[in-house]
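Some notes on the structure that comes next.
As written, the chain order gives the labels A, B, C and D, with residue 1 at the start of each chain.
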């Protein structure tokens, strides 16, 4: 039915159109709002929280949720809620920026590989295999010892290892899409390969990629936790959701809530991105227009 | 040696000697066990956990508590330890001494008389040759045994060990010069290069246990697999599923009092939470308690009754690199040492498990001095004053202080605690530098660190395992880069002093010197805090227990309804 | 298959170099060893030889199937360790993978067919749930529930079916969620294709349409992501194997790295590279099987 | 003539994020046995949707058949169960779609796609169905059919694919064939061939045809009667010749005036009718064509009822009756 409506309404740009449709998608909007809220809270936490994120209270160690500490306290008597909100800064950054790196590297390589000659394609894929098997821990420990453990190192570390998944995914999708007839048609109409790849192939490949990205968000957040244990990324006492879970695990028999709250937080973040992502995909995809 | 932050109620410890203290937290430990006869129906199978696969169970090569736990059940040495960690003869008929002629007047030659009845699990007699073979193997360059250096006092030992580059002839020659000699089947004579009063304790350690040349030359590396793994101890290794579990069965041919247990199972659960779960699911009879959860355990109506806790010969401390400014400033070091509320850490953060440490040598060991280090007791005012004396009346004028640690959950907690203390008490900002463990170890071994966290566990219960090795100039484990000629001189004397009382006096002096210069800020003495099923009776603990609690006296353990 | 050799070689070389560049060696211990001891150890394990010689030796032995000795498990060869652990890890991994497929794909299909319905939201919920609880937490929760509380399953170990259940499910959780979501996404793509309408116009039952006409088209992206998941699963998980004390090879690489067990590191990484490359090759072949328009020579 | 299909007052609406789209709005038409009718109108006028509605293939949501009846062989298809509906689809009513390029499943062989219909409705075995499929492909003029059955759609050109579609459609000798712009995606020479093919085949089988097209040019040759649709309604219908010679509705006139020039693309073709087709969400009250109509100013009452302006020739334009030359 798409055609009918299109023909009859003044034409917005693809994106303009998409934004409008996105705005109409309740879940996508909800997702966006949650992300916005988390971000806001993360930056305002110092304003309204009575505690510092590193403020120890040795008389209130491992206390369950209470009035004073809605989410309880950790094993140094620090307020979990405060740390959770403060930790959002790191975890949002990791969760999102790492994904950007992944996409920026992964999509072009994947797309190129798929549209390149089978020899080049094969070569790139073997390279990807190497990266897959790449001994990342060793590499990261090395980086740490040479460049020290800044948060950028962490983005680099995560991005460097994670892009291959997206690359392979995009390649698979493009290989598949590129056989689709609208592409053949476009080619017949003399469109350049580059144009086709950018205008047709990549957009139509996004569905699964968005899923992949949303799934990479928690993975990145946990990776950050693992990394900060090797001395990369944010240093204690600065909290991050991943490290909160890791540290919480050690005392799970005594204070399960230490794991619960950060896990829920990460869940909400990912869910928001899932909805936002799906919304965006639907919005960008003419065939799904209603 | 692995850093697990178990601790204990301080008071108990100071007032009571080890045995007593164990007795009062777990009365069964000293009671003889008539239960055996009364409940013969109970299968005598003890299920304990080894937190991972032993690297090797070859006594000569083993170096970790995990491995000792297995070895000590299957092998026995000339000497062993009592529960109070004094020496006792085992395969040897008596403890050599000057009076009984076991030790020559110059304190260099030791003569061990072996019990005639001691046999291997396959029935063969244990002879002095088995010991000679073992010790020479231990010192052979090809084996590259990690504990070999402990036996360098044996005349010729060090040279033989260092002969790796030499040709076979030269080696064989050096081997024959190693002064360990089986005079006859039941007499072993060892001569030292210089007197070493603690040599007997070293001889009580696992690397010096007897070995069967015939078996080792027959099976090579495979000799540590059952059934090749033949020893002279109360148990035999009957099954070893790698990375999974070990089974030891009572040795029917054991020459001494037979163990009450028929079987000793060792699982290999690495994750502390999983281990506790296995214990709660009755798959284990003993379990660690994940650090930090002690309070919850103590609050639990059921398992709180199954707690077993006792002090270990392990001290944890912050070691300054005294050559790195600003830590080359002794007043600053003292200010920092005084600004740490150890009691709060032990009582609050560690739920009262452990004992705040003001001096280096831990309680339960000769050389422990309860009155030492009082000046480092937590005192903010004093700390501030010391900081002023150090030349930093305004703490913000301090150069950046950096603290390195090997990043484990436990260490990360300590580091943040330290950071909080300095900030709250002195207004000093501390930068934490977590590192991956090996990277950290190398960092420290190369003395690149400024201020680092470390712990030291006893190899044998004597100050000479605690002081010269760590504070002697250029000593192997001296990572404070502390150097004090007076200390070195005294240590040199003490090492070879034959009069025990005098010797310990010297060490006490030496420790005082060290503590006065504050190369380290001691934190706490470790306490082991575990759970044991009420059915397990007769556990005897010591400050040097291996991976499995009571492994020095496993033969006395039995199970009841 | 020939390209496998360069891949393995490159991986081997990178790893070997990194391994030697990384600070801290196998003999750096909290209690420092006597210099003489370290000297003899280096000699024993040829660490006193120049880098190239060491690498050469390694390659030469590796080609002959001998991956050298482990430093942390002193009496055992790496090949031997790997071979004894592989069946357990692979068995567990494949089980987990099958679970992930069996749960993930139908869930994804259901969610796509009933877009924005309860089914859809339930699947989103579970996907999110499992994607956001790290394996070690899921694992310990299982243990607390089924072992400590209900006493129906053993907490860990290897040998019986009962012991496989919890780790397999814990392993499968995330891949299942992931596969479900991707299946949903690509089913939605396919759902609106013209040829589906054609199929409907033929009067085919929706079951036939889904299985014969939609699924095969929807499976292509699913395969792309399932491949790496499978590779990861069969090479084992450090966390799950430690938590459920499974004597597999999953923990070996991480253990090896932290112990600087050069033998173990090289052995496991080579094996990992091999597994990954193989799985990806299989996926590429499957593309061609599923989609006749993609041809691989 | 006895009627095969009667569509009465059919209304199909789309509930979109932008609002309600009355894609088909009270449309009625009849098809007699063996007859070929044409449904004509520009893109988006609702002809495709009305056809899909007959087979109940409108995506729901967002689409929904809100009113009317579709009487086929004396049964109202809008009332029968899904399973009964499936027995009609492909067997009694078959459809050939507009896009030969995308209407075949890329991952199934041609043979399979043709034979599955036969297996389903004729209850043939695999082999039998395949042999039949080969025969059918031969009938629609695919050379060496016995080899090509193993091929996949991407081995076929557009025209060849449309032939396959036709083979699939006639496989079960349907009573009614709906051909939805079967040729617009193809070039001129092939168009003619295919339409001829459809014509001959349906004549042999006595199948009725609904030919959906925007191209009045081809109508006269293939259809007996013509229905012209605009903005979801029928605005004029009658015998093909009559519509062709004496169109009454200004829109029909416009359509005819723009004699299709096949070498040009579709967009430019309709420019000869000035203005844009109406927004179906906010349609102008009364005659939807008025804004574009050259007589717009002159017409007063805008009732939309079809008035018989000549025997069998109906038109909804009120000016039409006066405009007999």
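Just so it is clear, contacts are C-beta pairs under 8 Å (C-beta built on N, C-alpha and C of every residue); 3 or more make two chains touch, one makes a residue touch a chain.
Being a predicted model, the structure only gives us computed values, none of them experimental.
Student: Just to be sure I understand: the centre of a chain is the mean of its C-alpha atoms, right? Then which chain's centre is nearest the mean of all of them?
Tutor: Nearest to the common C-alpha centre lies chain C.
Student: Please work out which of B-C and C-D is bridged by more C-beta pairs in contact, and write that pair.
Tutor: B-C
Student: Can you give the whole-Å distance between the Cα centres of subunit B and subunit C?
Tutor: Going by mean C-alpha positions, subunit B sits 39 Å from subunit C.
Student: Where the CA atoms of subunit C average out and where those of subunit D average out, how many Å apart are those spots?
Tutor: Taking the mean C-alpha position of each chain, the two centres sit 53 Å apart.
Student: Where the CA atoms of subunit B average out and where those of subunit D average out, how many Å apart are those spots?
Tutor: From the centre of subunit B to the centre of subunit D is 90 Å.
Student: Centroid of subunit A to centroid of subunit C, CA atoms only: how many Å?
Tutor: Here the centre of subunit C sits 21 Å away from the centre of subunit A.
Student: Where does subunit B touch two or more other chains at once, residue-wise?
Tutor: In subunit B, the residues touching two or more other chains are 273, 436, 439.
Student: Of all the residues in subunit D, which ones touch at least 2 other chains?
Tutor: 102, 106, 154
Student: On subunit C, where are the residues touching two or more other chains?
Tutor: Touching at least two other chains: 22-23, 136, 140, 291, 293.
Student: Would you mind writing out the residues of subunit B in touch with subunit C in their complex?
Tutor: Subunit B residues touching subunit C: 1, 3, 53, 55-56, 58, 61, 141-142, 144-146, 148-149, 152, 158, 161-162, 164, 221-222, 224, 241-245, 267-271, 273-274, 277-278, 280-281, 283, 436-443, 445, 454-456, 476-477.
Student: Within the complex, which stretch of subunit A touches subunit C?
Tutor: 118, 122, 125-126, 128-130, 132-135, 137-139, 141-142, 145, 165, 168-169, 171-173, 175-176, 179, 204, 207-208, 210-212, 214-215, 218, 222, 245, 249, 252, 259, 263, 266-267, 270-271, 274, 278, 281, 285, 287-288
Student: If we count contacts the way the header does, which residues on subunit C are in touch with subunit A in the complex?
Tutor: 3, 6-7, 10-11, 14-15, 18-19, 21-23, 124, 127-129, 131-134, 136-137, 140, 177-178, 181-182, 184-186, 188-189, 192, 220-221, 223-225, 227-228, 231, 253-254, 257, 265, 269, 272-273, 276-277, 280, 283-284, 287, 291, 293-294, 296-297
Student: Can you list the residues on subunit B that touch subunit A in the complex?
Tutor: Where subunit B meets subunit A, its residues are 272-273, 276, 290-293, 295-297, 341, 344-345, 348-349, 407, 409, 412-413, 415-417, 419-420, 423-424, 431-436, 439.
Student: Using the touch definition from the top, list the residues of subunit A that touch subunit B in their complex.
Tutor: Residues in contact with subunit B: 54, 56, 58-59, 61-62, 75-77, 141, 144-145, 149, 228-231, 235-237, 246-247, 249-255.
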